[in-house]
Structures are given as C-alpha cells and as structure tokens.
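The following blocks contain the structures, represented as structure tokens.
Okay, so chain A shows up in both of these, paired with chain B first and chain C after.
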Partner chain A sequence: MSTVDDGEFKIVFTGPMGAGKTTAIAAVSEVAPVATEVANSDLIAHTKASTTVGLDFGRITLASGQIVHLYGTPGQARFRFMWDILGRGAAGVIVLLDATQAGALVQMDMFVDAFLPLVPSGALVIGLGRTTLPGALGSEAFAARLGARGITAPVFSIDARQSRDVFLLVRTLACILEAQANAEAAA
Partner chain B sequence: MQTLRICDIGLSIDASLAFHSMLKIVSGRSVASWQTSDADHADVLLVHVNSNPGALSAWTSSGKPAVLVIDDRASWPPAPFVLRYPFRVMQLLSLLDSIAEHLRSRSTRVPSDGAAWAGAVSLRHLMAQTGDRGWHIAHAGDRSFLWVGDGQAHGLPATLRGLREGSVTLGAFSAATERPPAAAQACALRDVAWWVGAHGPAELAPWLRPDAAYRVHRWPDFGRLGAVPHLIELAAEASARAHLPAELANRAGCTPGDAHRFLAAASLAGLLTSFTRAEVLEHPKAATPARGAWTRFVADLRRHLLRVA
Partner chain C sequence: MSPNRVRRASRDLAKKQLELLGTVTGVQSAVLFSADGFEIASHAADTAAASRLAAIGSSLAALGSAISAEAGLHEFERTTIESKNGTVTIMRVDNDQAMSLAVVAGRTAVLGQLLWATRHCCQALARLIHE
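Coming up: the complex of A and B.
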C-alpha cells in the first residue's frame, strides 16, 4: 500500500473512455493536470475528439505539506499495461462510468476486476455520470451488481465537470480508508 | 425501591464468589434492590464473554440486558454493559445503577415524540407492504401533500424540495381517494424515506434498539440525495463493520443525534442490517480509534477536502 513514509499516496481514477477521468482530475487538482491526450482514433467506442493514451496526473497538497497524487488511466483496454503500472499500490480507486453507455455494468465489472487486486485496501468508489439522461441506469443497479459480488462500495450519481462532485468522491474514499484503519486497529 | 434479580453464568469460582460478596456490600447503596436468582427468573444476566454462547444468544433475544465479564481490557467488546474481573466495588455499583436506570427508562419508554415520528413510522409500514397498496396521502407541511402509489412518491416540486431540505415534516399516511395532481412529480420512495429519516428527530427511531448493532449493506447515493459531511463519515464507519448506535456516533466523531438520524434514514431506505449483541461478540473489537501516521494522513486529507470543497 502506498504509505505516508515513502512519500507516495496515490488515488487512481479509472473507467472507460469518455467517462470523465481527465475532467475529474482537472476539477480537483491544484495544479494544471499533466495529460497525455491524442486524437481519438476509436470513434466507435466514443465520439470525443481526443483521448488519454498514457496517464493524467494531478496533485493535492495538504496543510502538513504532504501530497496526494491523482492518476488517471487510459480508458481503452489496449492500454491495459498502463493500468497495472498506475494502479499498483494505490491507496484507493475511483471508477468513473457513463450510465447511458450500453454495457456500463459490464464495464464496471471489468474495471473493478482489473484494479481491486492492485489496491491493498480495497477502497473503491464508483462515480456514475449522466444518470439523469434518458436510458441511463440508476445507481441502484450498479450497487446491486456490486452487492451480488459481495462488494459494499459507494455508487454516487455525479457530474465529473463539477469539482464539488469529484471532491465528494475523493472525500468518501478518504472516509473509507479512515474507517478501515479504525476497524483494523480494533481487530 | 425497584427490585431487580441478577443471575451469573459461566464465571470462574473466584469471580462468582467475588460478585456475590460485592453484591452484599452494595446492598442499600444502589438505586435498586438487587437479588440473585436463577436464569429463568432474572432481569439481568452476568455472563463471562467467552462462555455459553447459546445461553447468551437466547438471553439477548429476550431483550433483557446482559453484563459481559472480561478478563482482559484489550478485548473490550462493543456492548453497553461490560465488567472487568477482578471486580471493583464502585465499578460494580456504577454498573448496576446504570442497568437499573436503563431498565426504568425502557419500561417508561413511549413514543415520547409520537407526532414527530408519525410520518416515518407510517411510511415504514407502507413500504413494508407488498402487492397493490393503492394510493395513500400524507400531509407534508401545513398546506402540501405527498402521495404514495405505483411504488413511488408523488408531490409538487416545492414539497419534494422541502422534504429533501428538511424544511417540511411528513405526517401519517392514510388511504387516498384522489390521485396526485398533474403538476406533481414522481420521486423514488427510497429517496423520500432517506430524507424523512435524515431530517427526523434526534432520538433513536422507535423501531431501532440501542443494544443492537447496525451495518449498512449498501451505501446511499449521496450524489443524488445530497450529503452533509458527517453523513459520509457515518456511512463509512457503518459500512466497515456493525456498530451499536452510541458507538457509531463516537467512531464517526458526531453527536448521538446525528448517528440516530443516519440510522433512521438508512433503515427507512432499506440499507441497514441489524445484528444482535451475541452476533457482534463473535468479532469483539476495542473501542479506541486508530492512531498512526497513516490514519492521521487520511484524516488530514478528509479535512482538507472538506475545506476546499
């Protein structure tokens, strides 16, 4: 697990292409995020003009001077080798999904399966975008899917463009980590 | 003076003798008159934490209080009444007085704020019914109404906004003869249930128990429902493991009223699982929050995000 002592505390934002990972990191990072975007060559998967092929990077500095690193992964499965590099040792993972996408539930399964083994704490938060649009699945469907797999994780309807909503996800992740630490200390 | 009967089970011979001796010492000093009895006639059970789980389980299901005797402070169980052996007279006296007070308050516990709970209790019963329930209506504030039918809640936008913000109080439901007006909007019944609980009275909901432990099996969608900061802490603690209501408030660093409202909301919205004290004792935990660099760092991060959000 990333630790305070080794100077590495990272939170990973992941999810399929077009879910809002780059936007979410930009919404909460205190510095202009480093992005590795190129023209989107997979217009079937998503019609957006550009997409991340390497990583997004942002930062939050606490009053103590300690730093939280925010990493965004590429969304396309062909860059999966980057998922392992970025996810390994993360303090927690935030999966962003588009609730209007066909197969969003399967996408959630894929990203949860890919990242949870890399995150020792198992701290997971799901951010669900575009839930108010026609045809969108509600958060209950995603929570029930996780529950059927024995995973109790928050699933929040959010707008990744709103920093308030992205802070809600990060803050919830911090609360989960704190509660886990309390429970482990009590065990 | 109230007369109470207590039975000890599973204690070592030394502990049992010490208990009976001290019971004579506290005689006349306690707020109640304490007598020993067998288990069938006892009001209170004094039982060693590691003995006779079957008897303890049967006892707790009866709703009567049990005092758990432990030998090691490090394994302090999350139970309301715990006594460490070797006993101290004043500790025993204090504990017995607490139990006497608990029993007295429970016997006089009535829905003291029955009107304040009317909407929540009524909604809970309505949600528990299956099949075609027809349409029901309740006051939501002085001049507005909330309808429940077709598995959803229906109300004017201002009414739903008032329920979300806690500015209107829901009354008891009754069968409706009229459908909601065309201007009414539909809203998930679970969302309304959450808001009613989250803005309800500060006391523990009448259908919840102070000596039961609760855990959320599914998080509320705070993105949709709206979240004030302490609700996230409470949900995180309550999803990590089961807590007694008082313990949950302590863990999350909030007031008992906040914890009670959270539990009421989660319960009404169908997100809560309850455990008996015996079930919790299968995984006894200490009650001291963790300290260390990791926890401090995460707490710093949480506070930082609270400030900048």
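Coming up: the complex of A and C.
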C-alpha cells in the first residue's frame, strides 16, 4: 500500500448517483481519466443519461510534489462491493453530495458510514454541489449533522466541473493528512 | 436497453434461453442483465444472488470495455474469471453493449463448449429482445 509518506497516495471520491464524482475527477486529472460509464436505465433514481458502474481513475500532482491517485466509485448501493474494493488502502475520502436532494443528509451519513471504517486515518472532506439552487440545504446543516455524530470534517460548496473547486477538496484532504503525520512525528 | 423496456413476453423467452444454457455440462446459473447492473432474466439463481451477479457483472463488463479501450482494441466481447472450483463468464449480448450475460459453471464444464454455448445463447437473446 502506498502511503502519504511515500509522496504517493490514493483518495476516493464517493457519494450518491449524480453528485459529480466522474465530472470532478475529469476536471482535475492530469492524465486522461478512466471512466466506466454506461447507459442509465434507472430513471427513478436519477434522470441523467449515463452512470458509473465500475470505477473512475485520475491522477494529479500537488504543488508539494505529492502524487495523488483519484478513484471514483459508483453511487448506487447495489455497487457496494466496489466501494469496499476501492476504499481499501485509501488515505482519505471525499464525499460529494447534491445539496438540492431531499435525502442529502441521510446520503452523507450512509457514505460516511460505509467509507470511514475502510480509511484508518479518518480523513474526510465533504463537497456540496448545487448549493446556489433554490431548495438547496446550506453547508451548516451538513456540518451540524457531522458534528452531532462526533465527526470533524470540512464542508465546502463546490462546482464539480471547476478544477479549482475540486483541487480545493484534494488539497484540504492532503493538509489533514499532513497535519496527522506531523502530530504523529511530534508524539 | 432498460430492463423496464424489455417486454414481459421477451423476458419469459429469455428465461427459456437461459434454461437451455443450463443443460450444458457444468453450468450452475445464468443471469442476463442491463449495462447498469439490473437483472433482466435469470436461471437457477435466487433473487438476491441474481441481483448481486448482475451488479458485479456490469462492473466487470464496464472494466472490460475500459481496458479494451485503453489497449486500443475493439469493443469488449467477454471475460472469463477462472477460479479453483469453476468459472464465471461475462459476455456482451448485443452490439450496443446494453446487455450482458453472466454464466457460472463448475469444474465439470469444458471451457470451449461453455463459451460456444454462451455465445450461441447471447445471439439468441439479442434476436428475441430486439424483435
């Protein structure tokens, strides 16, 4: 397993269908991203035309020289076996959510519960999409929900199509991991 | 192709094709599924097992397509997972990659015969579902 200390590590983008995982990885990857999108037949779950059923993969190099491998998961719970495969060995997790979805808070709980046990560092960042649209929940609601469960994680409003927004999520995760490494070194 | 758009009659006919495949030596179960992992028809797999095979099968088919594309090859045709006690073959059914078939077989299966029968079944399924 690669570690943060090696200067090369893996993080996972997860979250429900339509949250922007494939888009986010494509927005920042410095190599042509690998996608496994197929036609979406579950129009009740989401009206979008295509959906990821395998994995997304991309790669970025941070200003620190650290190389980050980005893995995206499928969003539907029937692909949970892929969550376990992709979550294993990850240094941290980014959960993307659609703030206009009625069940966004419950979805956040579900993805946090599924992935935190797979990630020993517990490093977690939340990215909220579509927060400027009518009916969107504010980031305070998500932060409060996490706080009530004793989970500390930064929550950002983002546009998954904008590379600077996605970079912000990845850099924040890298900072959390670096702070942990420094704390361990000092202990 | 949405599994919801496959007519009930076509599903019943698909099930008959899978039953026929079930008579091939070593075949234990078979599941026809949509590209996004929904069961359309199955043989000798209970509902939960068929749902899981459909989901995992669709991931494997998508990964097969991704690695074929990466290697600059043509479209994904099939992949066979060989395990100690048998094989699982995932084969695409139609040209537009909308459906695939997963066939689970035990050690008594002869791989060549199994692949031939699976291909034959896929061709029959493609015909009846697009009719």
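As a working rule, the second predicted complex is superposed on the first by the 173 of 187 C-alpha atoms of A that agree within 3 Å, B and C clash if a C-alpha of one lies under 4 Å from a C-alpha of the other, contacts with A are read in each partner's own complex, and residues count from 1 in each chain.
Definition applied: contacts are C-beta pairs under 8 Å (C-beta built on N, C-alpha and C of every residue); 3 or more make two chains touch, one makes a residue touch a chain.
Being a predicted model, the structure only gives us computed values, none of them experimental.
Visitor: Return fit or clash for chain B versus chain C, each positioned on chain A through the superposition.
Guide: Pair status: fit.
Visitor: Would you sort A:176 into first (chain B), second (chain C), both or neither based on which partner it touches?
Guide: It touches chain B, and chain C stays clear.
Visitor: Once chain A of both complexes is superposed, is A:152 in touch with chain B (first), chain C (second), both, or neither?
Guide: first
Visitor: Using the superposed model, give me the angle at chain A's CA centre between the CA centres of chain B and chain C, as a multiple of 10 °.
Guide: Here the answer is 170 degrees.
Visitor: Residues of chain A touched by chain B versus by chain C: which partner has the larger set?
Guide: For chain A, the partner with the higher number of touched residues is B.
Visitor: Tell me the contact category for A:165 with respect to chain B and chain C: first, second, both or neither.
Guide: A:165: touches chain B, not chain C.
Visitor: Quick one: classify A:9 as touching chain B (first), chain C (second), both or neither.
Guide: After superposing on A, A:9 lies in contact with chain B but is clear of chain C.
Visitor: Looking at the superposed set of three chains, what is the minimum CA distance between chain B and chain C in Å?
Guide: Minimum C-alpha separation, chain B to chain C: 26 Å.
Visitor: Using the superposition on chain A as set up above, list the residues of chain A that contact both chain B and chain C.
Guide: After superposing on chain A, no chain A residue contacts both chain B and chain C.
Visitor: Note which residues of chain B are touching chain A in the complex, please.
Guide: Touching chain A: residues 190, 216-219, 221-224, 227, 229, 232-233, 235-237, 239-241, 251, 283, 285-302, 304-306, 308-309 of chain B.
Visitor: Taking the touch rule as given, give the residues of chain A at its contact with chain C in the complex, in rising order.
Guide: 34-43, 51-55, 74, 76, 78-79, 81-82
Visitor: If you look only at chain C, which of its residues touch chain A in the complex?
Guide: It is residues 1-5, 34-38, 51-52, 55-56, 58-60, 62-63, 65-66, 70, 97-98 of chain C that touch chain A.
Visitor: What part of chain A is in contact with chain B in the complex they form?
Guide: Of all residues in chain A, those touching chain B are 3-5, 9, 60, 62-64, 66, 68, 127-128, 131, 139-140, 143-144, 147, 152-158, 163-165, 167-168, 170-172, 174-187.
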